[in-house]
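Pasting the structures here.
You will see chain A twice below: alongside chain B first, and alongside chain C after that.
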Partner chain A sequence: MRILGMMMVFIACSGIGITYSYIYKKRVEQLCEWKKGIVLLKNEINYSLTPLPEAFEIIGRKLEGVMNRFFDEIAALLKTNNNKTMSSLDEKVIKKLLIDSCLNEKDRKTIISFIKNLGLLDKESQMNNLELHINYIQQEIDAAKKDEEKNNKLFKTLGILSGIFIIVIFI
Partner chain B sequence: MDISIIFKIAAVGILISVLNQVLDRAGREEQAMLTTLAGLVVVLFWVIHYISDLFTEVQQLFQL
Partner chain C sequence: MNGNRIENILSEKLKRVLENENVQTELQEIRLRVDKPIMIYWANKEFFIGTDLKLHTLDQNSLCATNDDIKEVLEYISKHSLYAYEEDIRNGYITIEGGHRIGLAGKVVLENGKVKTIRNVSCINIRVSHEIKGSADHVLPYIVTGGVIHHTLIISPPKCGKTTLLRDIVRQVSDGFMNFHGVNVGLVDERSEIGGCYRGIPQNDIGKRTDILDSCNKGEGLLMLIRAMAPQVIALDEIGNKDDIDAIEYAINAGCKIICTVHGNSIKDIKDKPRLQELIERKLFQRYIFLENQNNIGDIKKIYDEDHKMVSMLVDKRMLKES
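On to the complex of A and B.
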């Protein structure tokens, strides 16, 4: 019984540590996926002049995971209610779509403000906006990669060691 | 006195030193110091009544 308890504590602590390190890894992946989506959107607007709801739908098909669903849902939201504009989309609804992503609060706010500013002026200004956002996301990806390198091993080790620590204390 | 407490203290010492190293390498000096302090407090908590016993013994021995 005692050994079982120890095992459970150890597994739980290691699990928490591994989950935390996994979040950092996933954040980099999701930011890369978001950047890919934005580059595709830029191409769609620049070369095909696709309207935003269709562009989002097309891009959604090309992406994976959370971003795939995010683009699809935004496209669906735009298509309902007689082609809403981007700025009229509800912030809370967009936030809800990102709820199971590993992005942090700052990333979410950036994505929401970007989404809301889409389709406001002419093509040229949209291109500039997209370019600016891509540069910003690239910076965020670089920072997230550094964070991942630093924290990935740390959280794994911390989880396992704290598990052993608790076991030793209660032994 | 239970001899197992010595092994427990040794285990905590090893764990804390490893944790300290890991946190130091990750640039989290503050947390490293906090863990060391936490380890110290835990060990002190275990040995405090032995220390108090020792003081009482000394007091009785010299009739202070």
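On to the complex of A and C.
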């Protein structure tokens, strides 16, 4: 019984550590997926002049996981929500679409502000806006990768060690 | 939600007015100009919107359009994607789903002497597409006699319904009517008014044997149709310049029948157009249809033959009742 309890504490603590390190890894993946989406959006606008609702729908099909759902939902929102401009889209609704993501608050705010600025731009301004956003996301990805490298091992080790620490205390 | 509904592109305020007043059926135009009263043309009458959000015939404390209203409508029209309509904006209008045409005016940006775009749009004219099936019923027996289609020129001043009439002629010639079996029709719709194409698909019924070239220059489009689609009849709206007339002459020589429209009030008016005058004098057109407004759009139609003798005068029954 005692050994079983010790094992459970160890597994729980290690699990928490692994989950935290997993969030860092996933954040990098999701930021990369978001960047891929924006690059595809840039191509859709530049070469096909596809309107935003259709462009989001097309790109959604090419992405995976959270971003696949996010692009799909934004497309549906733009198609059905006829009497709302992009700038007046409800932030809470967009935030809700990212609830399952591993992105942090700053990432979410950046995405929301990017979406809200898409509405009334001509092609040239739209291209500049997208280019700027892609560069910014790339910087975020680089920083997130560094964070991942730094924190991945740290959280895993911390989880395992805190499990051992608790077991030692109780012994 | 019906994608063809005009309400989908209106601001919340305007949407409420249209719903309250129930004007959707005979709505013709909505005009928005920055800081000027919003005007609605409904059942051939001009209305203003009062502070009570109801329609009034007099301009007293009328609701004015703001810059934000214009921007909002523009965003809905372009489906949040202004960049996708830059070519249309350059031409001064956007055709939306349902075939409705949105005219734009404002600060024009020029590049090498040509219009690059319209920036700061300050005036919007929403022209509601009206498809009146059967509007050509009474004129068709004069255009098609004994199974033969005559080269026809429809002449009318603006807002007399010549595009509506041409659309119905195209539909019936294409689908067939009474004992006439339909024929292949080629339609060059330079300003997307006849077919009301949205992404290349006609939103109006233009018949099952009609091939449409949307947003295409009339002269070039006509030649493309002859080469590629082998139409028996070619329909064009608002002919005028030398290239159009040259192409028409080419099409007639190629054995195609031409049905087209032109702005004008009388034969004299159109004879003032030099190249068109030549075609008229050579009697290439076999039917001339003049449209006039008395009480309703195009309620009087006068039909002449190639010798300019009146063949018939058709008067709308509603007008006879009213008089």
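Everything that follows uses one rule, which is that the second predicted complex is superposed on the first by the 167 of 171 C-alpha atoms of A that agree within 3 Å, B and C clash if a C-alpha of one lies under 4 Å from a C-alpha of the other, contacts with A are read in each partner's own complex, and residues count from 1 in each chain.
Just so we're on the same page, a contact is a pair of C-beta atoms (placed from the backbone, for glycine too) under 8 Å apart; a residue touches a chain by one contact, two chains touch by 3 or more.
In this text, all values refer to a predicted model and were calculated from it rather than measured experimentally.
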Chain A as common anchor, with chain B and chain C clashing or fitting: fit
Contacts of A:161 with chain B and chain C, given as first, second, both or neither: first
Touching partner for A:19 - first (chain B), second (chain C), both, neither: neither
First, second, both or neither for A:51, with chain B first and chain C second: second
Chain A: partner with more touched residues, chain B or chain C: C
Which superposed partner A:86 touches (first chain B, second chain C, both, neither): second
First (chain B), second (chain C), both or neither touched by A:128: neither
First, second, both or neither for A:139, with chain B first and chain C second: neither
First, second, both or neither for A:171, with chain B first and chain C second: first
Superposition-derived minimum Cα distance between chain C and chain B (Å): 46
Chain C-contacting residues of chain A that also contact chain B: none
Chain C-facing residues of chain A, complex: 45, 49-53, 55, 78, 80, 82-83, 85-86, 118-123, 126
Interfacial residue positions of chain A with respect to chain B in the complex: 150-151, 153-154, 157-158, 161-162, 164-165, 168-169, 171
Sites on chain C touched by chain A in the complex: 1, 8-12, 15, 71-72, 74-76, 78-84, 86, 117
Touch list for chain B against partner chain A, complex: 8, 11-12, 15-16, 18-19, 22-23, 26-28, 42
